[in-house]
Structure formats: structure tokens, C-alpha cells
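Here's the structure, in C-alpha cells; my notes come after.
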């Protein structure tokens, strides 16, 4: 089945992005396809290449980049939300791309299921 | 009177930082001193030099930088929270500095009032 | 595959304006969805009904008043606006307090409407 | 001026652990405050009481279990831990469920204690 | 002391927690909390009851932004940001019920 | 449809809103919402009442993280992330009550 994922909160502050990540991993392990992960609102902060969590903590951004590489995931960051919050190509982590909100609507149309993670 | 301010949420997502800013402006206009503004949790995102809000919207980061310049405000961003969220010297807006949590406790000790703005 | 596909999208707005950005950024998604010729419904319940309150004046909080945009939805062919009756009542509001024409539905009807959707986004 | 000043600091924890980062980052402030030789009190009320629940195992959510830190507060001379009785009761918890020794106070006593503070930080 | 609440009374438990514990002093409603002091809101009873023991203020600019200025209940005082500053100065301690 | 709630029932109104409007289907409690299905929580009655009309699930890893696994009330099914995926696949639509 084809899933699309919407993530509305940033890394560390809320658990939403953790839950989304573990959901995606489980879906992929079951053979489902993740059509697109769309980052909106503070969710865009998940794509910052500059985050540096403590050694003993999970690295949320790198985890997304790695999952994207392994499974050819399409991680899309909303451009308008990103500009508001200071995410640009210069601090965009590998595997993410910046694009418009139309990518979210398109994912909703093309996927069999859209699941939202937020606050 | 000497005030210290604690801001726990990022720009645009929550109104907390707007309220804090307008509170500071009003306090300064009344002749009070702002001993320090401390940015914690997602509040550290207020210091990103890369934010670019739409033309017709307020520029929250620049507004803080400007107020700091005009009134010699001490805007301190918590280093641990900042690293977690991708705020570093390279994307730190003018007028902010990155330092430890001790600066918050110290501000609480030295100021007559500490006011928290968050979610 | 998206060519010609028409899905029923529902945007559920449950948060007050200005306290957080969800109301504003939700509206941005709604406007974009119109360009995709989808079947779009907007729901306002809980504090989301406050988004439609007449008379918003945001100068004092130095924030953008985006409420006039709700009046413009019509021009984007977004005409299905639903408000939950119980939410209005708990906040002392009536249809007359709202910026736009809406269909007021009691909670159970709202729940049934949700069941008919393909995609539900909640803000 | 801060040299030698001792203020009464109260940290009010009202949020559950893991759902948001407030509990963890609040703990970081508390530990720092110990280094400043202040008079520190911690309050746990509403969902904040869940921070002290025994038996937290965070491997499944791939998150750091920071609850053992509450047991270490003692070593930092942070010994004034207060829990609101009504909050415990509404969540089906008793003192036996908590990781550390606390003083349980009914709501009015908690309110009176707050009134005696110099600085109150709420997370 | 001064209690500050910035959350909608029908969405979060912040106002309830504050009113349960607070021992007099003053209550300032800001941001989404201003709805609590508007006519017809289900939380009005709580505010009215609280007024017996504490002074209740609301941040006017937040009421205006939300189009609720003409619905402020009686007995609650609307202040601007300068009034907010005065309240913080007036009470030796304050707490934001986040 | 599948209703997903991730907020504590005693802090936010998300669970109340969901249960007020939902017409059957399933309810999955995740993150801080898992407390709603634990013995002694003031929200348990609501969950018990909801079970008459819908299947109720809880995300097990979130229960474990919070030290509440031994307090899950009867009649609620604990699932892992794979079970979460299965539920999303099983129901044609889902809604996260944020």
C-alpha cells in the first residue's frame, strides 16, 4: 500500500516526529511504500543539517537522511514554512528537498493513506 | 525595576515570542531595565539568521536584533537546546549570543522579576 | 495517476487563530488544494470556530489579520464550510458572529460527514 | 550582586515525559541551579507527576530514559520535591508508584507554598 | 502573586490548574486564554467564581485580535502591554501556567 | 475510520473532541494519550464508554516508555508500530486529532 506522511512538529520538542519515523520504518519493513514525507509548520526544522544532539541521544535529522537514502524516500520540506523558520538549501540535510505545498496535496491524492503526526 | 525574560517557543509557530517582545518593548518604554532575555527549548529558533518571513508579515528575528541594538539587550540562547535544534554561530542573528543555562539561573537571581513566555 | 483523480479532502480546524500558526498555515494548504481540483470540505470545531469570528483586529499584537481570506474562499470554489454546533454553543457564538456562510452540523452529523471522506487533515 | 544572594526558586513541572521535551530540559535547568547554591524546590502537578513514575522503559520509542536522574537529585542537594495530591489521585497514582521520596501536598497547601517563592519557573 | 495563563480554557487544563491551586492575588489572561473571559464561553463560570478571591485582568490587544473586545464579561479589567508590565512590577512573584 | 489521539486526556481536549464526534470505527491512543487507558486515570470512564461503539488500541512502546504497561485497562489492545501500520492499512481513512 502507498502511504504519505505529514509531520507538523520539530525535532526533540515534540514526540510527533519520533512516532512518525518509527511508523515509517515499520511500514517499510512490512513492504509498504512511503510515497512522500512532507514536513510542514515547525516540522520543517527536522531538515536542519546543523542539529547536534548529545552523544547519548538519537540523531533525528540524520535518522531521516539515512532512511531516505536506504529506501529512496522523498522527503519534502514546505518552502513557505521553511523560509519563515530559517531552513534554506544552505542548512538542508541530505535527502531532503524544499518544495511547495502542492506536493502535500499531490501526495494526498496519489497515496492510499495519508497519516498526520503533530501537536 | 530589573526584568529577566524566558522564552520557550520558536517564532511564528506560537504567539509566545510575540507577546514577550511586546512586553519587553513596553517595559523599556516605562524605563525598566531588561537584564537578559533567555531563549530555551524551541525558543532558540528565534535567533536564526536564516528566517525570511513573507513581506507582509512581521520579522520576528530582526525585531529582536533591532531591539537588542537599540537598548543594549543581552539576548542569550541556551547552547544545549541550540545544538539540538541546529542553531550555531554560523546562523546566529546579530545581537544574540550562545551560552549556558547558568545564564538563566543567574538572570533569575539578579533580576527583580523573571517572566516566562511559552506553550 | 493524480491526473483526473478527485478525492474528498477534509481539513479539520480545531485551534484558535493567533495563539498558534496552525490556522494560518492550514488556510495556505486549503488554497493550494483548490488548484488541484479536489473536492474540498473545511470543518471548524472546538476553538477552530474562533477562526471565523467577525471583527478581528490584530494591529495591537503586530500580527497579520488573515481572517479576510475566509471570505475569499468562495472565489477559489471552496464552498463547503461546516461548523460543529456544540462547539459554537460552548463558546457563546452563533452563525451571525461568523465572517462567512457556513453549514452548522450537530456532532453526530459531523462524525458521519467525516466518514465519507478520503483524506482528513487536522490542524 | 548575585554573589551570595540566595533566592527561593520553584520549578513547576506540569507536563508528561517524552510527549514533549519540557520535562527533560526542565531537569537540565534544575541541575544547573544547584551549582548556584540557590534554595530550590521542585513541584510536580497535573501530568508532571508522570515524570516520577517508576518503571519507565524507553527503548521501544528510541528515546533516552532520563527518569534515573530524579534519583540523582539528592546528590545535588536538591531535596525539596513536592507533588500535588489531587493530581496524583486523578491519575490513579500513589507515592509508592514514584521513583523518589516526595512530600505530597493538597492543592491549597501547594498554592501557599508557591506564594513563599521568589522565582517560579513553569515547564 | 500574579498568575499568567495563555491557553484556551476549553483546549487545555492550564486555567483549571491555576484556579485550583492559586491562593488569591491576580490572574492575567493573555493570548488564547482571553476567550475564558468572554460572554457565553463555557469557562466564564470559573472566572466569575475566581473573581471572589482574585483580581482578573485580560490583555486587551489579544481580545481585539480575536474580535472579542465587545464580549468581555463585567468585572474583568482589560490592560495593554504597559498594564501587563505594571502587574508584573506590582506583584513580587509571578507564574506563567504553561 | 481510524481515529488517532496523541494528547493526554487530562491536559487537552483532543480525546473529548474525538469521542464526541466519532461514529464507530477504531481509536488508537499514542504518545501522551496512552495514559487515558490506564487504571485509575480520570479519563478511563470515557474510554470504557467508547468501547461500546469502537475498538480501542494503545501504542505499546509509548505505554512502556511511561512505565504504565502493567496498568492497561481490560478490553484495550496494545499494538506495536507494525500494528499501528496495520490499523492504518485496515481503515480506508484516518484522522489525527491534534
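For clarity, chains are labelled A, B, C, D, E and F in written order, and residue numbers in each chain start from 1.
By our rule, a contact is a pair of C-beta atoms (placed from the backbone, for glycine too) under 8 Å apart; a residue touches a chain by one contact, two chains touch by 3 or more.
All values reported here derive from a predicted model rather than from experimental measurement.
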Chain D and chain A - chains in contact with each: B, F
Chain-contact steps, minimal, separating chain E from chain D: 1
Between E-F and A-C, the pair joined by more C-beta contacts: A-C
Inter-centroid spacing, chain D versus chain C (mean Cα positions, whole Å): 39
Approximate Å spacing (C-alpha centroids) for the pair chain A, chain F: 24
Interchain centroid distance [CA atoms averaged], chain C/chain E, Å: 27
Residues within chain C bordering two or more other chains: 18-22, 46, 61, 63, 119, 122-123
Of all residues in chain B, the ones touching two or more other chains: 8, 12-13, 15, 19, 22, 41, 57, 80, 116, 118-119
Touching two or more other chains - residues of chain E: 6, 10-11, 13, 31-32, 61, 80, 94-96, 98
Which pairs of chains touch, using the document's own definition: A-B, A-C, A-D, A-F, B-C, B-D, B-E, C-E, C-F, D-E, D-F, E-F
Chain E contact footprint on chain F (complex, rising order): 10-13
In the complex, chain D residues that touch chain B: 1-2, 5, 7, 9, 21-22, 25, 28-29, 32-33, 35-36, 38, 119, 121-123
Residues of chain E defined as touching chain C within the complex: 6-8, 10-11, 31-32, 35, 38-42, 44, 60-62, 64-71, 80
Sites on chain B touched by chain A in the complex: 10-13, 41-42, 45, 48-54, 57, 61, 80, 83-88, 90-91
Touching residues on chain A, where the partner in the complex is chain C: 6, 8, 40-41, 80-81, 100-102, 104-106, 108-110, 114, 116, 118
